[in-house]
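The following pair of complexes shares a single chain, chain A, combined with chain B in the former and chain C in the latter.
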Partner chain A sequence: MKTSLLPTIAHRLAILAYVIFALFPLYWLFKVSLTPNDLLYSEGVRMWPSRTTWEHYSFVLQHSAFPTFFKNSLIVSGSTAIIVTICASLSGYALSRFNFRAKYWIVGLMLLTQMFPLVMLVAPIFKILTPLGLTNSLTGLIVVYTAFNVPFATFLMQSFFDGIPKDLEEAAMIDGATKFTAFREIILPLTLPGIAATLGFVFTAAWSELLFALMLINGNNAATFPVGLLTFVSKFSVDFGQMMAAGVLALIPAALFFLLIQRYLVQGLTAGAVKG
Partner chain B sequence: MTMTADVYDRRQDRRPWQKRLADASEPYLYSAPALILIIVVMLVPLVVGISYAFRDIQLLNPFSGGFIGLEHFETLSKDKAFYVALKNTLWWTGASVFLQFTFGLILALLLDKPFVGRGLVQALVFLPWAVPSFLAGLNWAWLFNPVIGPIPHWLFDLGLMSQPGNILSDPQYAMWGPIIANVWWGIPFFAITLLAALQSIPRDLYEAASIDGASWFQRFWSITLPFLAPTIAITVLLRTVWISNFADLIVVMTGGGPADRTQIVASYIFTQAFKALDFGYASAIALVLLVLLLAYSMLIILLRQTLLNKG
Partner chain C sequence: MASIDIQNVKKAYGHVQVLHDIDLQIRDGEFVVLVGPSGCGKSTLLRMIAGLEGVTGGEMRIDGKRVNELHPKDRDIAMVFQSYALYPHMNVAGNMSYSLKLRKIAKEKIAAAVASAASKLGLDPLLDRRPKALSGGQRQRVAMGRAIVRQPKAFLFDEPLSNLDARLREQMRAEIKKMHGDLKATSIYVTHDQIEAMTLADRIVAMHGGVVQQVGAPLELYDRPANLFVAGFIGSPGMNFLEATYSGGSVTLKDGTVVALPVPLALADGAKVTVGIRPEHVVMGGEGTGMAASVDLVEPTGFGIILHLSLHGLAFKVFTLDRAALSAGPNVHVSFPAQHLHVFDEKGDRCAVASA
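For the complex of A and B:
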């Protein structure tokens, strides 16, 4: 094929435009978090401040409830990711390897949960969790987030299991292993990329959930990041540097996780998308 | 064929009944934890929520809880704020899905061509998807802020604004704030799924078409688009449902204001439950939204089916 110069240049320019559009808001967040307070207004629209400072970060880490939010979010997102991945590996395996009567009902139920507005559950879940003492508690959030994330995680894990040849466990079973041993010893290790993708996907989803956290949590002690940052924003509504420093810190775990797993996630979606 | 195999199996089946029972229940045991969670935390509240729509449930009123029939729906039919929210939902969802899809498709087509550094570019342009939605909302609210954000100043410099003001508090343009944030945040989803679909199109089709002298546009129209159609239908369906329920950006950026100009149905439900603590009324609105979304989903699935049958 002949390559002419003009389309190539247009192609690269378009790519560059997308990269700038994707990264500019994050760049701006970082820039303001490093701008000293006295320059914030005078250099508001400059691309880079004439002096930089880390003082907003040290203030946020030492004098705000931020470390509590961070710890709470880490507990909630971490536990949710682990529990969901365990449940979804099991159910994904069932959907991938077995043909059973209720299979289509289960798939249908899981699809249904992706269709209806979750805001619809705000009121009943609040009413149900209150007498159980699960409002204002991290356990309550973990239970709710786990259930919300299990259906999609199941489909994701199923598509990874589908990619592993069946002969492997059949060979193991001929050697006398039970199906569960074959699953644990042979199939799971092969699905590690899928498990990583599911862990990362659920972790970021739980890390960003806002509405249920707002509804179920009240007060700083059990507040997760989104809720904490929102109260932080209304309380320190003039201190942009500190808010943005908190924002950058909130972004780091999710972004790191995503960069590590995005390859696997694209793989999983590819497998699913091809099946359509 | 499976039927005969089944019968054959059953005749040959000499396993003791305990073993047979264990084998038959195995898939159910694997799916049990997930199923129990979904039923207890999602399905039961869904049914309870539907029943709330016909009851008087106010959190602060201990005497509430009675069955009131269709009263909420009567109130709803006269609720001006609801109609405004419905109109805003259409606008918010339509504009967000259209722009996310258009730019996502262009990005996927750009990334489908091999070039140096493609892996890195892919990771960078997909990054917005990893940004927690509340943070994306705050981030864009700050970009629109006239004190520390560049956007009002750029618009002022371009002569599009008489002075650097806040778009988010301008009744006429406020909705564009959350929409732009949503487009930024959602392009990667379309780009990822469409890129996956593009890469499954057999390359020789394009070569054959180029030999026949088809132009880029002809190839796109008669090869790429038909191949992408099923993926497009399913992703547009899913995104439409998700985005019309997606209140985070609006709650964070404008809180539904100014004067309800950015209030969508999802954020209105949340406001009724969270601020007014009127759970009954909130559930009634949610039920209407659910019915509308189901009707929409049915329509798209039918459309997809006809497209598939034609192809």
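For the complex of A and C:
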């Protein structure tokens, strides 16, 4: 059968246009990070500066607190992703497989937590964390991020567990496994795509979170990098070159992380939704 | 191997009772088939024996030991699922050895058990494959292999052949029967396919609406069905039913045909009854014999011929090996040999023979 050429070309062109549209801001970030300060305002809007420099990168890495921000972000996002995924796996499994009293209300309550704009909660959370000594600390951030991400991650994991036939666990139990062994040895390995999707989702959410990081942290020691980026904004000027360089650097771990899990992710995001 | 004793077992989900007072004694080494239409409770009963469903009332014993509260893993029972339920992330050998690994059996012993089961089922060349890379029939074999490596107290089968095509089903049916002959393992097999039930079972348990309708050897259910349900369910094409009245040792059909029964029944004269006759027992004759019926449809099966007739407006089937039936005209004559008639009373139960 001969497929006609025109629709195919139009289809590819549409995809290409979308990809360019989506990636253009990233390109601009990269371009500005390479533009020397003296050219930034003098050359007008150009697709590529006449002269490029890596000096913003070396400044950011050597003379700013960026490495600290970076390390803090890595600790906060990594811990949050791991803790949330463990909690969500267990609770998602429970919601998927067990019938218990108040299940309906627990699910309702979890949905309810997703309905409030976070801004509303900043003040009460600050009030709660201060006496506990958890403001201005990475632990405090991890606790808050975990609390906010667990409900959604639980629903995500639940849909993955729903996609795994109950027969498999029953077969394992008849083979001599306890419920928990069946969960660990049969169900979890099959949920790897779901776990990867959850890890990725929570990691990026925590990696780019600004509101709570800004409110709960002051000073550079415990700042995460979204907060750190703001240090490049001074009273009278914005150091765009350094800010963009920091931004590009901050993209690297997130990109690496997704590269690592993308094999599971593509499979995971579709499998949970469609497969019965 | 073990006997399984089911006493007065009930199952209810909330207020919905799905199994009513099931009583069943399964002997050591016996092959019992639970058969019935979907929703009759046969799978639930099997899952209760496996421990996957709780028991609402009554008592269940395996080898004389009460198991009502026992976790499936402690019952030492193997089960073959309809979906096979093979572990997708393990290869064939891994699937078959998982239960032994959980029992912490020595590696060499596991390898030997897997090898022997695999050769029995012709799985040797497939041991390294994942379930995804197997055909339906091969998956079915692996599921069986997983059950037999364990040498459990009993085998449970939950419609294991219903996902296979007709030819493979026939082949696996024969293999299961052969395997049971070799292993002599207590087996409980759930199916809605009455051919599977007839061919495999030592005893059939026919179930309907959560109640056991009849327990007996396959031919006993075929020849002497206890009620209308069993009569209609066992046999294909199914039994024909006609309304009639009983009087003085014979039944009178609607059109006035009187068939004298070989033995008198314990019924009052004038009682309304349902008369059943299997399609293969109907005799076709020429003009002037029996009742006239019109032919609606002729189905040659190769082996024999199924005639769909209309008898006084009632759908009626005849099965015959006589190829002359293919060219039967629009009208035929049928008669019912008295020794093949089944008579059921108004409640649908088989009528007892009057005691002399």
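We take it that the second predicted complex is superposed on the first by the 232 of 276 C-alpha atoms of A that agree within 3 Å, B and C clash if a C-alpha of one lies under 4 Å from a C-alpha of the other, contacts with A are read in each partner's own complex, and residues count from 1 in each chain.
By definition in this document, a contact is a pair of C-beta atoms (placed from the backbone, for glycine too) under 8 Å apart; a residue touches a chain by one contact, two chains touch by 3 or more.
A quick note: this is a predicted structure, and the numbers were derived from the prediction, not measured.
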First (chain B), second (chain C), both or neither touched by A:L132: neither
Which of chain B and chain C A:G176 touches, first, second, both or neither: second
Residue contacts with chain A in the superposition, chain B compared against chain C: B
Partner chain(s) touched by A:W207 [first = chain B, second = chain C, both, neither]: first
Partner chain in contact with A:L190 - chain B first, chain C second, else both or neither: second
First, second, both or neither for A:I252, with chain B first and chain C second: neither
Partner chain in contact with A:D167 - chain B first, chain C second, else both or neither: second
First, second, both or neither for A:T146, with chain B first and chain C second: first
Doubly contacted residues of chain A, that is, touched by chain B and again by chain C: none
In the complex with chain C, residue positions of chain A that touch it: 165, 167-168, 170-178, 181, 186, 189-190
Touch list for chain B against partner chain A, complex: 24, 26-28, 30-31, 33-35, 37-38, 40-46, 48-49, 52, 57, 59, 106-107, 110-111, 113, 115, 121-136, 138-140, 142-143, 145, 147-150, 153, 184, 187-188, 192-193, 195-197, 199-200, 210, 230-231, 234, 238, 241, 244-245, 247-248, 251-252, 266, 269-270, 273-274, 279, 282-283, 286-287, 289-290, 293-294, 297
Residues on chain C engaged by chain A in the complex (per definition of touch): 50-52, 71-73, 75, 77-79, 81, 83, 85-89, 98-99, 102-103, 146, 150
Residue ranges of chain A touching chain B (in the complex, touch as defined): 1, 11-12, 14-15, 18-19, 21-23, 25-26, 28-29, 32, 40-41, 44-45, 86-88, 90-91, 93-95, 97-98, 100, 102-103, 106, 109-110, 113-128, 143-144, 146-148, 150-151, 154, 179, 204, 207-208, 210-211, 214-215, 225-226, 229-230, 233, 240, 243-244, 247, 250-251, 254-255, 257-259, 262, 265-266, 269-270, 273-274, 276
